[in-house]
Amino acid sequence: QAPADPAQRFPGVGRAATPAEVKAWDIDVRPDFKGLPKGSGSVAKGQDVWEAKCASCHGVFGESNEVFAPLVGGTTEEDIKNGRVANLRRADYPGRTTLMKLAHVSTLWDYINRAMPWNAPKSLSVEEVYAVTGYLLHLGGIVPADFTLGDANIAEVQQRLPNRKGMSTAHAMWPGAELGGARAPDVQAQACMKDCPVEPKVASMLPDFARDAHGNLADQNRLVGPQRGARTVQAAAK
Amino acid sequence: ATAPVALAQKAVGEGEAAILELPEHTRGLGQPVVTDGYGKPSKYEANVQRRQSPGLTQTRQASVSFAPLQSLFGIVTPSGLHFERHHQGWWDIDPSQHRLMVNGMVKTPKVFTMDEIMRLPSQSRFHFIECGANTGMEWGNVAVPTVQYSHGMLSCSEFTGVPLITLLEMAGADLKNGKFLLAEGADGSSMTRTIPMSLVRSGEVLVAYGQNGEMLRPENGYPLRLVVPGVQGVSWVKYLRRIEVGDQPYGSKDEVLHYVDLMPDGTHRQYTSIQECKSVVTTPSGGQVLLDKGFYSISGLAWSGRGKIRHVDVSVDGGRNWRRARLQGPVMDKCLTRFSIDWAWDGKPAIVQSRATDETGYVQPTYRQLREVRGSRSIYHNNAIQSWLVQENGEVRNVQLA
Amino acid sequence: ATAPVALAQKAVGEGEAAILELPEHTRGLGQPVVTDGYGKPSKYEANVQRRQSPGLTQTRQASVSFAPLQSLFGIVTPSGLHFERHHQGWWDIDPSQHRLMVNGMVKTPKVFTMDEIMRLPSQSRFHFIECGANTGMEWGNVAVPTVQYSHGMLSCSEFTGVPLITLLEMAGADLKNGKFLLAEGADGSSMTRTIPMSLVRSGEVLVAYGQNGEMLRPENGYPLRLVVPGVQGVSWVKYLRRIEVGDQPYGSKDEVLHYVDLMPDGTHRQYTSIQECKSVVTTPSGGQVLLDKGFYSISGLAWSGRGKIRHVDVSVDGGRNWRRARLQGPVMDKCLTRFSIDWAWDGKPAIVQSRATDETGYVQPTYRQLREVRGSRSIYHNNAIQSWLVQENGEVRNVQLA
Amino acid sequence: QAPADPAQRFPGVGRAATPAEVKAWDIDVRPDFKGLPKGSGSVAKGQDVWEAKCASCHGVFGESNEVFAPLVGGTTEEDIKNGRVANLRRADYPGRTTLMKLAHVSTLWDYINRAMPWNAPKSLSVEEVYAVTGYLLHLGGIVPADFTLGDANIAEVQQRLPNRKGMSTAHAMWPGAELGGARAPDVQAQACMKDCPVEPKVASMLPDFARDAHGNLADQNRLVGPQRGARTVQAAAK
């Protein structure tokens, strides 16, 4: 009964999107800069935007204030040359900033454009997005203070990202072959059933002072059943 | 520490008051129908709630709440207890004003209303959804006390929706060169993720509006979200407003800056989408206290982003010896599977673990096996075997073994 | 009558405001996690409620509320919308005080607490529950406008509990001579029903505490109810307090005075327990108005108390011609099965019907076939094929054919 | 690991019920009168009970008041002789009273004992249950006004129930063979697929005046989807 051509199969369902509608919603910017609008913005202007609209959450220098994770820091001139952030290799390095991980400048531009400021997303002009992106790159030492980031030079900036070579898709966790990753999972465990060669010693456990860190577990379990929740908060003395 | 709650039934003499003195409800008239046109759980179930982990996130709108796995049965997660993960807060969107756009490498970019999407042939399937960061706090060491916090970014529902491939075909998508899809949400974060075309072509990916028989809950993307079976929750874009067909991955924040796996050599794996085979014992589990020695039915959940669960083994001696558990049918594709096994607790310390194997033959690793390859600095995709120490006093503790 | 709601998308000029003017939720910050520790549906879903049929019952405590089947997807009924049937009102019983007694032809009569029952090996299974009186108002003629009222004493959940046979064995029940069971509730009606031993021996009958992952709702028997797959709801005794093993049926009010089937010869059939094979189209269904001509996915539910659904046929011409519908898997035993089929509505009057066949080969009858055997004065077990007339104006009417 | 004997398999789960506990809950009375306690009560006493505790809902003569379905009526002397209620054969007879259907007097005794009065179930003494059961039987002409129903004579009363022979278990709707019913379902339909011999004429449909009997159906359907609810209640004029 139904026509085989899916475009014809469901008469009256869906309509063509208008060019203006596509323009209003198709805001993504890809690593190859497809989707990036023409325009530019200076680091100086970016600093104004930052201090007016971003610094309250992320800190004046993008180092984050007391609550938010830092955007900037942890990268070096050396990293910019190598395209690999050395600190990521250090097991003792605390935290990872945005610029330590950023492999595509498009990601930063796209995300600020779509989602920031957090409480007023999509309120920035194209110029402001270029400017504040440039300002963050400047804070990371990737572009100079007198730089103006724009669609014309963004591909060159890409070549200075500290971690532009730090990413990989060589794994088996993408379904399908599109990314050309591995086929076999990296972790290959065997299922031993009897007298397995393990030493069942406890190596990690919550310290006693943290027993109440998640509140009173007695209140987080059902009141009947095979067990109860442990009382981790002492009843207040009368 | 806590004394075991001694609730074994006492000697009852002539009998218990709960029986001999007929309770009020046996001697009276109860409440009428439709006291609630939409009902709610018993007041005695008030402890069964989704919860935040204190200090885990800096804000409550870019945050997570965990499902109380320790109190759930079977495989269906009640929608009121479904875990939450928002990046820019949740919304209750007027469905009559919601639109879905399909654009990119298509003959005709299209706009669909909810009325139209709901007119198309739909499918209903049971699938788990797990956040890629589930168990993420535990990569390095034990960090949280209960299975709610260690594994509670996990839920399972019957989802109803239209196969995305139907909408792509209606727009005349170039399915040969269009190897990648972008899914984009309508909320402030306008969450974007690159979606594997292989799962779209197989018909698995749904543009879903239904969850457990009713519409999606606002916290879970009402009125429309993507369902990407086997793939981490962040790809299940909520408040779905747009699908773009393209020939390259999109490099969005939450696939190349977050939800990336830090390897020991300092590189990050991007686009790590599949939730690999995993299991956890939920009864008994961390923070619980066994009431007594004697018989217990150890029970838990197993799942795999690569297909069906083939079997689950359970150990009560920290992994030296294992027994095969019963699987509750139906065992479904990329869906939670409930397992259980008998256990008589002798009152001595015991370490309870479960280990799942999926139909591809992949075996859930120990922490040691997982860390040998991935190190311990990652956040995402921790699918290691979970250990629960049952102490002599009956209290169960979250532990990691040497 | 009502004019068809004309909601086909209009010409949009430059574009729709819903797209061009970014909505508030795309430009703002949403709500935080755990606004509700136990969440609820969208405010836009307020019409989806269980409801009473006006004038059907004399009291609201001995009454019924109907599930809104016209608005449900898949097979799981959200517990908040589960139909209600109370004989003496519902209660929210303290589970720590609830007891289950097993007595009669047993070696040792036993008492179990909820703690103990929940320690035993459990099973979780998806089953439908249908009241024997479902569709009862329609035996003689059309009486109600929508599928909520005609078929809404039907729900489907994942139930979790202990096979009753386990408890019987623990009490040392005489399973040879004990051919019948009495199940008794703890509410005022202390509902009693004779339970078929064959379903107990097969392990099918559960002493259930779980429903859709959480505890039973108070309206559905919290903390304990019997689950008797395939058998009418009244046997699924709520607030279950006692099981007695005996050698004769018990002749309780709701199996020999009610829930009996009046035959044309004036006799009543007692102990008619099985809900025979049945189906109903829920989309489109009575009281709805189609928005437009064009494509529709006809969808509905099929079930059988004797096993699995084998197939469902759908007619849009009042039964002259039928096409085989798609069944949504998994097709489970004594469980709802969702079916669907494509339909292009040409705007002319159409009569939509579905006809289910179960794995025993039993075919759902027409009203004519059913009445030829059972007459039309009964109340219970009306499993006739339902007809929906789609009028030219798009309005769907409940009709019965000659 | 677990012992095969189920009574031993689950140590610590369940306990023996005491005799007093079984007595408190095992209240059912079977058709063979197993479970019926010793005792008796007169019709006269039954009338007192009825008028004090039952008539408010069921009507002074059990004929029901305006809201409740009648318990008594529709049976004859002839029925008592035959054990079949003739009115049940009449398609035009309106309604069915309790006594028209009652096949086992135990059912009535058991139900009143466990569930009535509706708002105070299990509040009647054994004597009161006998008495009020006898009174209802008297209203139905089954026992005389000076009768005293008791465990000693209830089996004789059973032999006078108007519909004691009106019940059947000869059907296929009991799972299992315990009731000796039929194996094959009574209704045997065939599944015709094409040009089936039916005349799809509408024979029954709600009359227009009943359109609003279930309220406004527009408010009983979701606000989006392939269809809406029909507006069956006109919006009130402004």
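Per-chain residue numbering starts at 1, and chain names A, B, C and D are given in the order in which the chains are listed.
What we mean here is this: a residue touches a chain if its C-beta (ideal position, glycine included) is under 8 Å from a C-beta of that chain, and two chains touch if they have at least 3 such contacts.
Predicted, not measured: the structure shown is a model, and the values here were computed from it.
Looking at A-C alongside C-D, one finds more C-beta pairs in contact between the chains of C-D. The distance from the centre of chain B to the centre of chain D, with each centre set as the mean of the Cα atoms, comes to 46 Å.
Taking each chain's centre as the mean of its C-alpha atoms, chain A lies 65 Å from chain D.
Centre to centre, using the average C-alpha position, chain C and chain D are separated by 21 Å.
Each of the following residues of chain C touches two or more other chains: 9, 16, 19, 26-29, 44-45, 48-49, 51, 59, 61, 71, 88, 95, 101, 111, 113, 115-116, 119-120, 188, 190, 215, 223, 241, 291, 294-297, 342. The set of chain A residues that touch two or more partner chains comprises 9-10, 12-13, 15, 17, 21, 25, 118-119, 121-122, 222-226. If the chains shown are joined wherever they touch, the resulting network has some other arrangement, not a path, ring, star or complete graph.
Per the contact rule defined earlier, chains pair up in contact as A-B, A-C, B-C, B-D, C-D.
Per the touch definition, chain A reaches chain C in the complex via residues 1-2, 9-13, 15, 17-18, 20-21, 24-25, 118-123, 222-226.
Within the complex formed with chain B, the residues of chain C that make contact are 7, 9, 16, 18-19, 23, 25-45, 48-52, 59-61, 63-65, 71-82, 84-86, 88-95, 97-99, 101, 111, 113, 115-116, 119-125, 158-160, 186-188, 190, 209-210, 212-215, 217-219, 222-223, 239, 241, 291, 294-297, 299, 326, 328, 330, 332, 338, 340, 342.
In the complex of the two chains, the chain D residues touching chain C come out as 6-7, 9-10, 12-17, 21-22, 25-28, 30-32, 34, 67-69, 84-86, 88-91, 96, 98, 101-104, 106-107, 110-111, 114-115, 118, 121-122, 166-179, 185-196, 198-206, 210-211, 213-215, 217, 219-232.
Within the complex, the chain C residues that touch chain A are 8-9, 12-16, 19-20, 22, 26-29, 95-96, 113-115, 118-119, 215, 223, 292-295, 323, 342, 344.
Considering their complex, residues 2, 5, 44-45, 47-49, 51, 53-55, 58-59, 61-62, 68, 70-71, 87-88, 101-104, 107-112, 116, 119-120, 141-146, 148-149, 166-167, 169-172, 179-180, 182, 184, 188-190, 192, 196-199, 230-231, 241-242, 244, 246, 248-253, 256-257, 260-263, 265-274, 276, 283-284, 287-291, 296-297, 313, 317-322, 351, 355, 357, 362-366, 369-370, 372-375, 377, 381, 389, 394-402 of chain C touch chain D.
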